[in-house]
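Across the two complexes that follow, chain A remains constant while its partner is chain B and subsequently chain C.
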Partner chain A sequence: MKIEKNAIPALKNIPHWFDIVSDKNGNSFTGLRAYRQSAFEDFNRLGFPNKKMEKWRHTDLSASLSFDYSLATQDFNMQDVLSDVFECDVHDLESFVVNLYKGRFVFKENNLFTLPKGVIVGSISAAFDQYPELIEKHFGKYGKTDKNAFHALNSALFLDGLFVYVPKNVIVEKPLQLINAVGASDDVFVQNRNLIVLEEGSQLTLIHCDDSYNYKRSFTNSLTEVFIGDNASLDHYRLQNINNNSTLISSLVVEQERNAQLSTNSIILNGGLIRNETYTKLNGEGANASILGVYLADKNQHIDNQVFVDHAVPNCTSNEQFKGILDDYARAVFNGHILVRKDAQKTLAYQNNANIILTDKAVINTKPFLEIYADDVKCSHGATVGQLDENALFYIRQRGISEDNARMLLMYAFAADVTQEIKIDSLRDRIEDMVKKRLRGELSICDQCVLQCSSPEKYNFEIDMSKI
Partner chain B sequence: MAQDDKQLIQEVTQSEYKYGFITNIETETAIKGLTEDTIRFISLKKTEPEWLLEYRLKAFAKWKEMKQPNWAQLKIPEIDFQEIIYYAAPKRKKELESLDQVDPELLDTFNKLGISLDEQKRLSGVAVDAVIDSVSVKTTFTETLSKHGILFCSFSEAVKNHPDLVKKYLGMAVPPSDNFFAALNTAVFSDGSFCFIPKGVRSPMELSTYFRINAANTGQFERTLIIADEGSYVSYMEGCTAPQRDENQLHAAVVEIIAMKDAEVKYSTVQNWYPGDKNGRGGIFNFVTKRGICKGDHSKISWTQVETGSAITWKYPSCILSGDNSIGEFYSVAVTNNHQQADTGSKMIHLGKNTKSTIISKGISAGQSQNSYRGLVKMTKRATNSRNFSQCDSLLLGDKCGAHTFPYIEGANKSSIIEHEATTSKISEDQLFYCQQRGINQESAVGLIVNGYAKEVLNKLPMEFAVEAQKLLSISLEGSVG
Partner chain C sequence: MLLQVKNLHVSINGKEILKGVNLEVNKGEVHAIMGPNGTGKSTLAAVIAGKNGYEITQGEILYNGKNLLDMPPEVRAQEGIFLGFQYPVEIPGVSMTNFMRTALNEIRKYHGQEPMSAKDFLARMTEKKDLVELTSKLTNRSVNEGFSGGEKKKNEIFQMAMLDPQLSILDETDSGLDIDALRIVAHGVNKLKTKENATVVITHYQRLLDYIVPDFVHVLFEGKVVLSGGKELALELEEKGYDWIKKETENHSK
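For the complex of A and B:
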C-alpha cells in the first residue's frame, strides 16, 4: 500500500537522491544501473511499509519518516573523520576493522585489500570495478527487492558497504569487524549494502556493529547479502547500540548450501527504533542455522526482530532463540517464521521467544509462526511473557543479596542464554559487561555511547561477601 | 515410511463422507441476491419489529463498505453474494405441538443421523431445538425448562416473546460491524437459538441444537444468543452434518455468549458438514464468528469444538475476559482431509484482573489439506496477574498436507504470564512400533495414537457428544479403525 507522498517528508528527496546515486557509483559494472532502476521502480510501487501491513502491524515508522534527512554522498578520508569515532572498545579483541561512516567507506590509502590466501575485504563499490565476476555471481541474488520495500530502497540508493570474499577452504582466523557509525552535524539517511561470499569449506567471523556517536537523528537501512557455500561456516554478530533518535533497519539475507553453518547473534543494547530482519534459506542438505538475539529496551525504544527460516531441502536444522527485557515504555516485536517446504523431510526446527516485562507500560507483541508442508518433521516453538521468578528472587535474597542485585543477577542470567553463545572470548566478556551496565541503566546514561566509554575494569556485583 | 504404512494412511484418509443425503422438504425461498429489499423481505416474513429491521439495514450498510478478509491461510473461491438465496424456510401450515406434526421426512433425516427427536427426548433428557435450514421446526422440553425459568427457543420466537432481552444483548459480543461475515449475518440472519438462564439457575439438562443445511444454494445465517445471568450454569451443544452436494454452500453464523457474575457457560460443538469430495469438489464454507464475554467477575466461558467437516473453515471462538477473575477456555480438535482447509483458533482478550485462559488446540491434517491454528492472546494494561497457557499441536498424516501455526501474543503489563508452545510432527514411529510390538495391528495402532492425541480435548465434551465426536474422528480419518 502506498502512502501519500507529501505525508512523508523522508520520501520527497528520494527521486533526487536516486538521480545522484545512479550517476555516481559502480557505473563500470554492467547491469548495476538497470538493477537500481528496477529496484527504484519496485520501491515506488511498494512505498514505505505502514501499519496496515501484517509484517508491520506493530512497528510504526511514521515518526521515523517524518524528518527531512540528508544523504551523505561524498567519500571520507580517515583524516576527515574524528579518529576516535572508530576506536573500538572491545578490549583485547584482535580484529580486522572496516569502517563505514554514514554509509560511506572510510579508508586510509586503499579501499579494497587482498589479504593472505586470497581473501578480499573492502568497499563494495570498489569491488564492482575490480571483481565484477564475483559480484555478478552473488550481488542482488538474495535480497528481495520486488517484495521488500527496504531491500528495494537499499538497492536503488546504496552508495557503499562491505564486500568480503573468502576463497575455497580458507579459514579466516581473525574476526572481521564492520563498524557502521552515524552521527554528524546533520540528520543522515544511510543505505548500506554488504555482500559476504564464503566459498566451499571456508570460515569467517564477522562482527557487524552499528553505532552512533552523538544524539543526531539518523535513518539507516542496511542490507547484507550472504552466501555460504558447501561446508562453509559463518559466525555473525550484530551489535547495535545507537541513540534514541535513530532508526535502524538491518536486513541479513543468507543462502546456505550443503552443510553450511550459520550462526548469527543479535545483541541489541540501545536504539530508537531497531528492526532486524533475518532471512535464511537452507538450500543444501545438512545446513544448520542458529539465530539468536537478545534485546534490552527502555524509555520509548522500539525493537523489532523478524526472522524467516526457509527449509527448502530435507535434513536441515534451525534453532531460534530470542530473549528480551523491556523497561519503561519500551515496545518489542518478535515475528519468527519457519517455513518447511514440501519434501523438506527430516527437518528439525526450534523457535523460542522469551520476554520479561518490568513495567505496566512496556508492550511485547510476539508471533512465533510455523508453516509446514512436509510430514516427517519435528518443529516446535514456544513463547513466554512473564516476570522474574519470585521464588528465585526470594532464594537469592535469603542468602544476603540485596533485592536490586538479586534482580540484576536474574536478568543477567536470563540474557546469558544468548550472550554465552558468543564464541569470541573478549567479545563475550565485553557484551556481558555491557549487558550488566545496560541493566543497571548506565549505558543509556553515559551519553548513549559505547565508543567513548572505555573503562577497562570489569564490573563486579556489589555483593558483600562477609554476609554470605 | 514403510509401504504398508503409506497404504494404511491412504485407506484411512480416503473413506467417503457417510452422512451425505438430501431431504426433500418443500422450501419457500427468497429471490436470489442481496439488496435492502431482501432484508426487508426477510424481516417481513418473520414479522419482525421495526428496530430489528433497522438494525439489519445498518449492518447491511456497514457490510457494503467492508471487504472480504483475505488474511487467513485459505484459498477461498470467489463468492458471489448476489447468487445466494438468503432465506429458506420449510413450508408449514401451523405451529407444531407434537412430533406427529413434524414432517416425516425430517424425522427420517434425524433418524439417519442417529439423533431422532423422540430418541433424544426419551433417552438422554436433552432438549433439542432442531433447525432445518433457517426456521426452527421443533422445540422440545420447553416445559421442563420453563419450570426453572430458562428460556430456550428459536431466535424469532425470542424476538416475538422477549424483545427486551434480545434488544439488550444482541450485538453485545459481536457488534454488527465486527467483521465482514458477522455484518453479513447481522443483515440477513434467518433464525437460530436463543437461550436465557436466569439468576442462580443451574440448567437441569444439556441444551442442544442440531443444525442442518438443506435447500440447495441457500446460505445459512444462524444467530445464536446465550445469556447466563448471575450465578447460573448451562452446557450448550451444537452439532451438525450436511447432505452431500456439489455446489458450495456458504454458512456464516454468529454465536454470542454473555456470562454475568459467577455464571458459567460451556459451549460444545461437533461440526461435520459436507467437506467436499476427494477431489475438493463441493463442500460447505464455514465462516463463523463466535464470541463470548465474561462480563461479570468470576464468570467462565468454555468453548470445545471438534471440527471435522466443511470444505473451508474460518472460525475463531473467542473470549473477552472483562470481569475480574474470569476464566476463558478453548479446546479444539480440527481434522482436515482431502482438499479441506481450516483456519481456526481462538482469541483470548484479557481485560479484567486475575483473569485466566487456556487454549488447547490439536490439529490433524491428512490428504492434501491445509490446517492452520491462528490465535491471539492479549493482556491489556489493566489485566494484572493474569495467566494464559496455550498449547497448539499439529499432527501430519501424509506428505502432501500442511499444518501451520500463527499465534499472536501481546503482553502489556508486568504481572501477567503468557506461555505458548506448539509442536508439529508426524505420528511417532517409536509409538507405532511400541504398539505393534504388543500385538496391536498397525491400523489399530494409528487409531489409538490419533485418539490419544485428541483425548485431551475429547474429554472436555459432554458425555452425549463425546461418543459422536469419537465416531466422527473415526469416519473422518480412521476408516475402519475404531
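For the complex of A and C:
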C-alpha cells in the first residue's frame, strides 16, 4: 500500500530538492545525472517505508517524517564551521580527521588529499571530478537503490560525503575518523554518501561518528558503500551520539572479495531514532565478516539494527553479535538475516542478540533469521531478553556496593563483551568511558565525537556517590 | 554482643524453613553451625546477609544492637558482615580489581574515610592474595569467571581478607574442596581471626573443624538449634551421625 504523499510533510520538498541537487554536481562524471534520475524514480516508486513492510514492522518513521525539513543546499563559510563546530583538538588517538557538516565536506584549503603511497581521502563530490575512473568502477555498485527507499533517496539527493581510496598493498597506519555533525539550524535534512575502496592487500581503520552539534532536530540518511579487495582488511566503527530530536538512518553496504576481512562495530550511545543497516556480500572464498554492536537506550528512544550477510561463495565466515540495554520506554529492534547460497559450502555463520530490559515498558523485537540453501554448513543463531542477574546483584551488594552501582557494574560488564573487541586501545578506553557515562546518564552531546571533545580524564568506578 | 538472632522464623513461598532460631555471637569467637542437608543452614546465612525472597514471620536479628533486618544488603556489608558464598557467582566483564576497589571504597565511604590510594590498594591486594595463595592470573580476571571450585572458595576468603569484616559467615566453604585447598582456606580464616572479629562456619562435615577450631558448635535441625556445645560436640556428631540428633530430639519432644 502506498501512503498518500500529502500525509508526509517530509516528502513535499523532495522533487524540488532533486532539481537543485541534480544541477549541482556531476559535470565530469557523466553517469551521475542518469544515476540520480533513476534513483529518484526508484524513490518515487518505493516511497518512504511504512510499518506494513516486514522490515519496518517495528520501526515507525511517521513521527520522524512529520516535520518540514530543509535540505542544506546553501554553501556555508568553511572557516566559521571549522571554528564553531569542530573546534576541539584531537588527543589520545592520533587520527586523520575529516569533517562533514550537514552532509557537506568541511575543509580549510583542500577538499581532496593525496596522502603518501597514493592514498586518496576527501570529498566525494571532488572525487567525481578528479578520479572519475575510480568512481565509475565502484560508485553505486553496492547500494540497492531499486529496493531500498533510503538508498534511492540518498542517491537522488546526496550533496557530498567521504571518498577514500587505498591502493594495492598499502597499509594506512593512522585511523581515519569521519565526523558527521548536524545541527545549528532547524530541521535539517542530511543525505551523505561515502565510498570506501580498499584495493588488494590494503588495510584501513575507519571511525565514522555521527554527532549532534546542539539539540536541534535533524534527519540524516547516510549511505556508505565499501569495496574490500582480495586480502584487504577494513576495521570499521560507527559511533553514534545524536540528540533525542534526531533521526539517523545509517547504511553500510560492503562487498568482500577473496580473504577480505571486515570488522564493523556499532556503538550506539544516544539518539531519538537510529536505524543501522549493514549489508555484506561475502563474494570471495576465505572472506570473513565480524559485525558487532552495542546499543544503550532510554526515554522514548528507538534503536533498530538490521544486518544482512550474504554468503555467496564457499569457505567464508561471519560472526554477528549485538547487545542492548533498554531503560524507561525505549524500544529496540534487531533483525539479523544470514543467507547461505547453494554453493556456499563450508560456511561458518554465527549470530546472537542479547538484551537487558530494565523496565516492563521497554520493548525489544528481535528476529535472528537463517536462510540456508547449502548442506555442509555450520550456522547458529540465538536471542535472549532478560533482566539483570539477581544472584549477581546480591553477590555484589553483599560486598558493600550499593544497588545502583551494582546494577551499573553489571550493565557495563554486559556491554563490555562488545566494547572489548575494539582493537585500538585508546579508542576502546574512550568508548568504555563513554559507556560508563551513558549508563550513569551523564553523557551529553558535548561529548561530541568520542575522540574530539570529551574530557581526557578517565572515568573510573571508584564511585562518586553524589553523582548517582 | 556482636550478633543476636532471636526466635527467628523464616518462610520461603509460604513454607516455614526456620522455626525459631536463637544464636548469639560475641567478638573474638568462632562458631560452627552443623546439621544435615535441608535444615536451614544456608537460609540462616542468607537472611543474615539480606538476600531477597525470604519472609521473616517472627523474631529479630540485632547486630551491634542495631536492627539488621531493616538494612539493605550493602549496608549490612558496610556495617561489617561478610558472607562467604556456597556457590560464588561468576560476573563476566567485572574485573576482580575493579570489584574489590569499588567495594572497599564504598565501605570506607560509609565510615567517613577517604578512598584508598591506588598504591595502598595494590599493596593490600598483593598481601591478601598471598594469604590464600591466589595467583595474579586470577585476580586479573573477571570475578570468578572460569575459576575452578577451589579457586572460587579461595577467592571468597581473599575477598574476606580484603574487606576485613567484623562478622564473617562462611557457608559450606569446605564443600567441593580437596585437602590442600581446604588447608589453604582454613589457614586464611585462622590468620584473619582477631579479638575484634567473629566467624560463623557453616558446614555439613566435621572435616573443616579439624582446621578451623570452633569455640562453639550448634546443631541446626529442622529449622531449630537443637543442641549447642563446645568443639567436642562436633566430634560426637561425627561419631554418632545425624541420626543420633534425630533420636535425641524425638526423645525430647516426648
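We take it that the second predicted complex is superposed on the first by the 439 of 468 C-alpha atoms of A that agree within 3 Å, B and C clash if a C-alpha of one lies under 4 Å from a C-alpha of the other, contacts with A are read in each partner's own complex, and residues count from 1 in each chain.
The rule is simple: a contact is a pair of C-beta atoms (placed from the backbone, for glycine too) under 8 Å apart; a residue touches a chain by one contact, two chains touch by 3 or more.
Every value quoted in this text rests on a predicted model; they were computed, and no experiment measured them.
Look at A:359: by the touch rule set out above, it reaches chain B but stays clear of chain C. Once the two complexes are overlaid on the shared chain, A:54 sits against chain B while remaining clear of chain C.
Of the two partner chains, chain B is the only one that A:343 touches; chain C does not reach it. Of the two partner chains placed by superposition, only chain B is touched by A:370; chain C is not. Once the two complexes are overlaid on the shared chain, A:390 sits against chain C while remaining clear of chain B. By the touch criterion stated above, A:9 is placed in contact with neither chain B nor chain C. Touch criterion not met for A:118: it reaches neither chain B nor chain C. No residue of chain A lies at the contact with chain B in one complex and also at the contact with chain C in the other.
Those residues of chain B that touch chain A in the shared complex are 1, 71, 73, 379, 381, 384, 394, 396-426. Residues 54, 342-343, 345, 355, 357-387 of chain A are the ones that touch chain B when the two sit in their complex. Per the touch definition, chain A reaches chain C in the complex via residues 389-392, 394-403, 405-406, 409-410, 412-417, 420, 461-463, 465.
Across the complex, chain A is touched by residues 49-52, 72-74, 76-78, 82-83, 85, 88-89, 91-94, 98-107, 109-110, 115, 142, 159, 163 of chain C.
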